[in-house]
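First chain written, first letter: the chains are A, B, C, D and E, and each begins at residue 1.
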Amino acid sequence: MYLATVVGQVWATRKEATLSGLRLLVVQPYLRGNQQTAETMVAVDSIGADVGERVLVVMGRAARHAIGKGHDIGFQCAIVGVIDAAELSGGERVGQTAESDRIPERSS
Amino acid sequence: MYLATVVGQVWATRKEATLSGLRLLVVQPYLRGNQQTAETMVAVDSIGADVGERVLVVMGRAARHAIGKGHDIGFQCAIVGVIDAAELSGGERVGQTAESDRIPERSS
Amino acid sequence: MYLATVVGQVWATRKEATLSGLRLLVVQPYLRGNQQTAETMVAVDSIGADVGERVLVVMGRAARHAIGKGHDIGFQCAIVGVIDAAELSGGERVGQTAESDRIPERSS
Amino acid sequence: MYLATVVGQVWATRKEATLSGLRLLVVQPYLRGNQQTAETMVAVDSIGADVGERVLVVMGRAARHAIGKGHDIGFQCAIVGVIDAAELSGGERVGQTAESDRIPERSS
Amino acid sequence: MYLATVVGQVWATRKEATLSGLRLLVVQPYLRGNQQTAETMVAVDSIGADVGERVLVVMGRAARHAIGKGHDIGFQCAIVGVIDAAELSGGERVGQTAESDRIPERSS
């Protein structure tokens, strides 16, 4: 399970039948100090998350379980929570959206 | 599950019996800003994807389920969708093929 | 399973029902010589770990098992131990907290 | 599932009983343009692959299934095919062995 | 499954009940040419491996199986073999311990 930011949405007409009707969001893992990464994942959304929100993402079997037995095949990544906030060591605060973060200045 | 581009195909005569008759495509994960990576995966194709198309790829047990019970062993990576488009933050648009992308210029 | 440091906590009101009542901690993998990484994971805590403590973290199915059958869906990362110490080659000692480490100076 | 090159063999007398009689090969993931990586995996060989050959490698549960029910514990990585060739975009061709590759010159 | 070196041991008094009585070793993945990495894993030892020895490590469900049904929860990484040697391409030889390696000089 990891902290991530919703950065977009994917549309696919030709797809595995079990993906029908599911909302597919593009998420980017959160790195300390809000450092940027080019890596993304596509997660099924069961929570109603919006672009810009910080979320909890699970992978593997847990993801398929989170969406429900009716959709137990064809994906392995899901959003399971929208965070209110995360408090990290060194005064770093991850807010509900990227705009609400409070990242301490690094002295070095 | 992740966004990827189909970049090729693999042929193998000597192989695990459960791989017989399956189309094996080489896929490359999509990175923000269409940055290039040297990493690839080999995915079983159940959708009829073509080289150059952007696809959704799953790994693990979900991949074996997506291909059907008749082929439930011997692989753990499958293409489960061909994307129409993905809209990402900052105006980045991942098109159905690499040629149809719209990547904003980076100012820095 | 890997060594990690608890670096924070996450709160989420809108979440997967199976995450209700679980304590969600942010953990950072330990790297040799206490090198820093920007990567974090969110782990369910079943041990009562505190921020700053060094812990053992498991992923996947083992994580869901560690928390108990009552919570067998929705996550795949758990804290399964608080370490007393780890003795590594080259005289490196990982203490119970980051403050109690003893990292040998590197000559190069 | 990924493309890899067989780069060696491992011998182990003291081992998990379920590994007895299995051939353990060291494989290195193939990177675009035949770039080198220092990472390797150890895979159980069910195909009769030789050092230098390009192979298909699976991980996880699929690997244990590929070797057969008689050996369903103690490993999670297997060779499931020896490739004839892979044709990649940009004219890159991965041959049956490293010597038979055809990698286009990069202009940049 | 991968080649690794045992680089230390971990002690934890407060831990998941299913970890009781298990020996927890810190292992570092082997990289070609004996290059160093800062990454480590913690593996349950079922073989009686010593610090400095080269071992085979498995992750996931295979790890839990290797330790036995009596301990099938709470971890997902195990040592399943102590290697005698590995012969790699280019004349590289991984010995039973780090001291017994034979790494060819790189000309570049």
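The rule is short, and it goes like this: a contact is a pair of C-beta atoms (placed from the backbone, for glycine too) under 8 Å apart; a residue touches a chain by one contact, two chains touch by 3 or more.
Everything numeric in this text was worked out from a predicted model, so none of it was measured.
**Student:** What is the size of the turn, to the nearest 5°, that moves the C-alpha atoms of chain A onto the matching ones in chain D?
**Tutor:** 145
**Student:** Mind checking the centre-to-centre distance between chain B and chain D? Centres are C-alpha means, answer in whole Å.
**Tutor:** 20
**Student:** Where the centres are mean C-alpha positions, what is the separation of chain A from chain E, in Å?
**Tutor:** Chain centroid spacing, chain A to chain E, equals 32 Å.
**Student:** Which positions in chain A are in touch with at least two other chains?
**Tutor:** 60-61
**Student:** Think of each chain as a node with edges to the chains it touches; is that a line, ring, star, complete or other?
**Tutor:** Looks like a ring, each chain touching just two neighbours.
**Student:** Should the ring be read from chain B with chain D in second place, what is the ordered list of chains?
**Tutor:** Start: chain B; next: chain D; complete ring order: B, D, E, C, A.
**Student:** So in the complex, which bits of chain D are touching chain E?
**Tutor:** By the definition above, chain D touches chain E via 7-16, 18-19, 24, 26, 28, 37-44, 51-52, 60-61, 64, 72-77.
**Student:** Over in the complex, which chain B residues touch chain A? Could you list them?
**Tutor:** Going by the criterion above, the answer is residues 1-3, 29-33, 35, 46-48, 56, 58-63, 65-66, 80-89, 92, 94.
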